[in-house]
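In the two complexes that follow, subunit A is the common piece, with subunit B as its partner first and subunit C second.
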Partner chain A sequence: MRVPVLHKQLGPSHRQGEVEKRTVSVGSPGRVARTLDCAACLLSGASDAVIIAPRAADTEAPSPPAPPRSISDWLWRRQCGCGAPNASLFTRLPAPEKMKCFSRYLPYLFRPPSTILSSTCHTEADIISTVEFNSTGELLATGDKGGRVVVFQREQESKTQPHRRGEYNVYSTFQSHEPEFDYLKSLEIEEKINKIKWLPQQNAAYFLLSTNDKTVKLWKISERDKRPEGYNLKDEDGRIRDPSTITSLRVPVLQPMDLMVEATARRIFSNAHTYHINSISVNSDLQTFISTDDLRVNLWNLEITDRSFNIVDIKPANMEELTEVITSAEFHPQQCHTFAYSSSKGSIRLCDMRLAALCDKHCKYFEEPEDPATRSFFSEIISSISDVKFSHNGRYLMTRDYLTVKVWDLQMENKPVETYQVHDYLRGKLCSLYENDCIFDKFECVWNGSDSVIMTGSYNNFFRMFDRNTKRDVTLEASRENSKPRAILKPRKVCVGGKRRKDEISVDSLDFSKKILHTTWHPYENIIAVAATNNLYIFQDKVN
Partner chain B sequence: MAGADGDDSLYPIAVLIDELRNEDVQLRLNSIKKLSTIALALGVERTRTELLPFLTDTIYDEDEVLLALAEQLGNFTMLVGGPEYVHCLLPPLESLATVEETVVRDKAVESLRKISQEHSPVDLEVHFEPLVKRLASGDWFTSRTSACGLFSVCYPRVSSTVKAEIRQHFRTLCSDDTPMVRRAAASKLGEFAKVLEPEYVKSDIISLFTALASDEQDSVRLLAVEACVSIATLLPQEDLETLVMPTLRQAAEDKSWRVRYMVADKFSELQKAVGSEITKNDLVPAFQNLLKDCEAEVRAAAANKVKEFCENLPEDNREQIIMTHILPCVKELVSDTNQHVKSALASVIMGLSTILGKDNTIEHLLPLFLAQLKDECPEVRLNIISNLDCVNEVIGIRQLSQSLLPAIVELAEDAKWRVRLAIIEYMPLLAGQLGVEFFDEKLNTLCMAWLIDHVYAIREAATCNLMKLVEKFGAEWAQNTIVPKVLGMANDPNYLHRMTTLFCINALSEACGQEITTKQMLPVVLKMSNDQVANVRFNVAKSLQKIGPVLDSNALQTEVKPVLEKLATDSDMDVKYFAQEAISVLALA
Partner chain C sequence: MECAVDAQSLISISLMKIHNSRTQRGGIKLHKNLLVSYVLRNARQVFIKEKYAEIYRMQQYDEVLTVCSEIQQLNPLEAEEEEQPRAACCVEEEASAQPAARCRTPCALEPSSAHCSKTTVLDLDTHVVTTFGSSISDVEEVSDFCHKRAKREDCCFSSPEFTDTANISNLISIFGSGFSGLLSRQADLEQICSKQALASLGAWTRAIVAF
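For the complex of A and B:
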């Protein structure tokens, strides 16, 4: 197969071939200190300076758009800042106490199993940028803006402390990506981890893919509990033995040692993306994965790093004609030939890789006709899809735009089967949200294990859950003050104008800097992980 | 005394053993590659009881070390005490067969297959077969994929009850949950079918084959096509129609282009496996469809097979099938929208002329060749030109020369230097077929023009090309046509062109022989030793070193030596260096 080969165009990449190996012993909640190339930061400066805020009417590129940092810059303003280098530690909260409350809203009563993982003083680099459970739920990975990946492992049930089952502790921490500077294009490559995806387990080790804007890496996380001992030429304490005293050969013997968890970069998939990678997705054939940037989708074989196939390319010949960008893409959970990608115009395209090698033509196109009554200056911005997810059973697609979550049946293209309002009370505040750039926030959405509940984030550290069967919904808050360990989360309510009842919070007092963009749900239990800026909250269904 | 002797011989081994766990991967790798030396020094007993247990747990290492280890263990039988103890090698290979890296796993499986032959039938059942079962029922799919490759080696040598178990295990793996395992099983299906008794081929293999060929994942289905070839060869002709053909027909029309691609890619093998009768009735229409497929990848794969397919058609009505069924499709492909399809076709289409004979070639194929020679894509034209020899045998190249020349000239002047490089490489071939007259008349100027190309790689290839031409046309031709032009460049104002003269002389001196070299080339080289550019001067030294062996000793002593001695005192250090090197190589000191 030769058609759409993307050859490596650059010379040896900066870190190509370099084996990155970080080790951390289990139990020590340490984070790897990072260094940040401040020169690179200064060079790029604050990216806002050169980018003109678009008007909804002419979202096409303002000219001259040089040099393109990212296509999305042309359509949307991006917030960008540089954090000062800092090393910080996770702090564990004190031991849990028992408390009971009731929730009237959902069959699931969430409470934190004492696990709020956060850094005491946070910098930009500590902001969590992605969070993902593995396929068994035993491991949970987070990536942050500092390029670090932290993997948590669920405690095994023990007889002495049965209630500790469900707590997640740090298993491995490693620096996945480092800041780089592309000297040929004169642009800074942030180390921020955009997405983490776990591979299904294939042997005793665990594998995950992590990506920043340009480079995808395959990491192996493995345990080692034996160490060889015994040398011929030196004693155990390292002293060199006199060669003349060697009268017999010693074969090293393996001795048990403290468990060590190693993270090793097994493969580096680089030099295939001109624009910023926004998502990666592993195929159910366990052989390939896709990486998606603003204009293209590339297909990789997990074992081949020097070649990838470009399967979708929406780049127009003339960049002035650019009207939409790809915002996210995902493989179907069972059908290895189907994948979906969402666009900034609020549509989703379903592609079948069986039909042709190049999937520029979609086989299904999901779009809801716009209601002329609600059309406004912001319509196009708020209809942009920030996340697309197949349901576990593969029958539905869920998309998140700025104000809603929509569920689409793969058999019905003209409108979603369900639409949930996430924070409709913000509809009146779009103007100020545009002013402070919040309108460009990219919220993600997740299914629970049985596809019956949907979760997605909002502002003020609120996150929302929608029960698809009972049509009930709840707003919960991830905050240290409100969620004492073992307490049951209290539903929150936002009121619009008028009288404010007790326990309600007014729209005007919402804190828009506290946003929950990234959440994940355990593959079959009711355990959720919610990333709120630099804090990771893990809530668990009530254990009786 | 004996002890002291022992120390001397032990020391290097001790170093090797210690380096098995050195920090440096390269040292570890070296040690592993000398594992047999270590084992020999330890003796069979300690190899079995100490070295192998240690190696069994050495699975944390780098892939290349593990790969070397897996390979070494395949040749370890004698070092553990011969076939009697060969089963001691199973534990380390078993752990290597579960690592995530495919190359390591494959090598471990290869070694396991190798040592399985060294097991006695009893050991095979006591030690080897349980290992296969363990792998086949392992928790992780890496071990189950490795198991797929081991069934066929132990099956023929075990008792019938164990055979039944093995068949059952294979069946289970064919319907494994993970596509990885199903793919591994599908790719080993043909191999396993070969060792099975004929009755089980029909009862077991066919149902597995049918199931895999209709797997929900196309990545599995496409591997069933490969299995189809081996299964078809095992079955008697009368069973093919009912047992294999429905699946094959289905694969050729699969919804997934990747499966159809696989059918196209394996078409010649399939054709041989199913025999001429089925080919005529089934494969010809299938092949037509593949040539007209909507996916360019499939068309390109099918186009690649056109010649082989036609060659293997039954002789009695081959010509008729080609003319009525295949050629119309080929004609369409000549003007395909996809350049890969066209260039795939161009690389084989010339081969059809030998099959169809002179008249048909002139009437039907020649227009296609000519069309392809004018194709907009350089690769298509190059592929036609590179296969001219096939046509030459049938109709003579003169038929084509009218169209050939513009095509060659255009490629020779292509803006992409890689295209120019490719056509240069075909020049000696073309020259041989077109003859010296045609060459002198039409192509000589091109060959000389390449010498002053602005890309070094082209100039270098051009000098090499001149040498090959001289080998073909002889020294006399060189003296008349090439040498004067080459030597003329020695006075070129551009030093790069002056250097090209030297490079040409380097390449041509041997082919031209002593006389021309001494009389015509040497004076020019010597004169250039006064060049003002140091690069030219040290290349003079290099050239003299190169052509020295062709010259007689008189010329060396009286003409070359003084010049080299002068260059050896040059103000430029590179010139000095190469002059001195030439003096010592030519033994003129």
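For the complex of A and C:
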């Protein structure tokens, strides 16, 4: 297959209303995994990027909400040659000598070779900063600190190779944001992608919103598989033909070509935020979205880039009186007039946009009174909410603070209906976590498709799942070292004191540099994507 | 906890974090600095309480000494020995007249001079630069200082004095009278703190900006 050639057009810098065109071409999506070469390379672990195609134990077509499975039945399989895989692992930045194996689909084609580092370390630009499935689960987008977006697409089932169903391959890669400099305030604006949100598909193209600290962009990802051939004035190479050699006219005809995936910036929503954008949320009306910074929430229309409406403003008249900031906001999944925002003080406010233009007065206020017995120097930090998510049915809210996940019923404001301890063993280590800045980590939380299981990340590449019905929970680890072919993800346990059992890990041996902040769950199936620093793990459950 | 949990070390760690955040990429992060300021406030409150308790103990000791010296007034030979501890107590007492944890700083014991401190602030939203000048010779203004919108200019953290504990204590006092929304309703302590803060403003006129 032909080696893809990357075209990167450097457009003008972002000015209001202008659209920058970036075109990236990747090799034929969907066929990539089959060109994996050396199984020996994979098995020896010498490679950094291992594509493991998933296996479907059954051949039935995917259907919306499957009955919830036991959360301990996660199967992780490693592909050896044409083996039977069940999960995918995508790693950023392999070493140069390994590029020959994986250069065809890894999203580093546009990086000059001199910047590629060895496999044992990675640049900060490759740390994944957000992951998001689209509304059908067909696409998975990741954003990183370097401002790039990588989109994975699920392979279509094929009758000839049923065991290869559901594998995710790289579909498109593009540079979404570049570092900018605000000359007025002498501030550098990071290009790190803070959030990606998909728009539901309305035509053949895919649309997503991606944002850094200051600017939201609407990207259109479209496929091109035909190109016009047979121009009169220029020949196939693009050279201008000598007019004297043209003896007849012909109509250009569309000929099939190798599939190319293009990403173009269709809208740029900028200059509306003084503080750092922490979240975006698309409304259920599919026409508007909100972008939220520390003190304000702005409402945009997807078509209009030069105007936004400020609907929440908590900036005090005197900044010295500032006591809380907004940490996240989300629209209700069904009610297009309702949204919720969380604060650094551990409270959530539900607002109705029909009541007033400025939604400073909340409709509902969710807060649990602090337990005075647990008061410490760091009480305010650990009660700050890092993520808020509505359940798919719109009846519950989930919030994540540093040590717990709480589920709130929208009808009950004074306390959550469920509280889950994620890593309570860290309560005694808050001081050292404060010193090394880990206490400021913002973990995300996510619902499964049927709202029966919630998942969130922790340290040491652990992530936790809580089954709301059975009240069971499990701790799993996203790591390559601990996995064997055809292995089931083994539940892990952290030992808090006393005698440590054989498989347990003690609190002091936890690696706090390996944290799972971003996870996402397929909207219908039990497929999860977990970002561990620069690695993306995709797990599927085993179907008996 | 295995690390130093005492209030003083937490205060210095927090101040270093705020200092370092100025040079971090992407600009000052409002949320993180707000949380750090909460830790700073909590640590400061504990620190003040501890100091207050200590001073109270010293005061009680001083009262006991006074009683003892009265009893022993008849004995001139012992009076000499008592004077030294009494002097020490007096110094402490004077410092405690402006209580809050600044007793050690030499600047704290200076009489408040008629210094004028000017602070300027840039509002990020409106891009308006506002300059405030305040004179601390007027005691009445001192009590209003907390309520005035005293904003500060971000600056000279690169100065070598920054790591000096004495100046960190000064910084705390200044910082304490700012961010007034964070301070609890300890009106008396606040008034006293602000007096203390202004007394040392001559030596340290700039502190952390509140954006």
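Everything below uses one rule, namely that the second predicted complex is superposed on the first by the 405 of 544 C-alpha atoms of A that agree within 3 Å, B and C clash if a C-alpha of one lies under 4 Å from a C-alpha of the other, contacts with A are read in each partner's own complex, and residues count from 1 in each chain.
We adopt the following convention: contacts are C-beta pairs under 8 Å (C-beta built on N, C-alpha and C of every residue); 3 or more make two chains touch, one makes a residue touch a chain.
Quick caveat: nothing in here was measured; it's all calculated off a predicted structure.
Asks: Have a look at where A:Tyr231 lands relative to subunit B and subunit C in the superposition and call it first, second, both or neither.
Replies: Once the two structures are laid over each other on A, A:Tyr231 reaches subunit B alone.
Asks: Could you say whether A:Ile246 touches subunit B, subunit C, both of them, or neither, answering first, second, both or neither?
Replies: In the superposition, A:Ile246 touches subunit B alone.
Asks: In the overlaid three-chain picture, which partner chain does A:Pro316 touch, first (subunit B) or second (subunit C), both, or neither?
Replies: second
Asks: Can A:His276 be said to touch subunit B (first), subunit C (second), both, or neither?
Replies: So A:His276 only meets subunit C here.
Asks: A:Ala373 contacts which: subunit B (first), subunit C (second), both, neither?
Replies: neither
Asks: Considering only touches as defined above, state whether A:Gln335 meets subunit B (first), subunit C (second), both or neither.
Replies: So A:Gln335 only meets subunit B here.
Asks: Same subunit A residues contacting subunit B and subunit C, which ones?
Replies: Correct list for subunit A: none, the interfaces share no residue.
Asks: Give the list of subunit A residues in touch with subunit C in this complex.
Replies: The contact residues of subunit A facing subunit C are 184-185, 187-190, 192, 213, 274-276, 278, 294-295, 315-316, 318-325, 327, 344, 377-381, 384, 428-432, 434-435, 437, 440.
Asks: Can you check the complex and tell me which residues of subunit C touch subunit A?
Replies: 1-5, 10, 13, 17, 25-27, 29-32, 34-35, 38-39, 42-43, 46, 123-125, 127, 149-151, 178-182, 210-211
Asks: So in the complex, the part of subunit B that touches subunit A is made up of which residues?
Replies: Within the complex, subunit B touches subunit A at residues 3-4, 6-7, 10-11, 13-15, 17-18, 20-21, 41-42, 46, 50-51, 53-54, 57, 60, 98-100, 102, 140-143, 178-180, 183, 216-219, 254-258, 261, 294-297, 300, 340.
Asks: Which part of subunit A faces subunit B closely enough to touch in the complex?
Replies: Going through subunit A, the ones touching subunit B are 1-3, 200-205, 207, 220, 222, 224, 226, 228, 231-234, 243-244, 246-254, 266, 284-287, 303, 334-337, 353-357.
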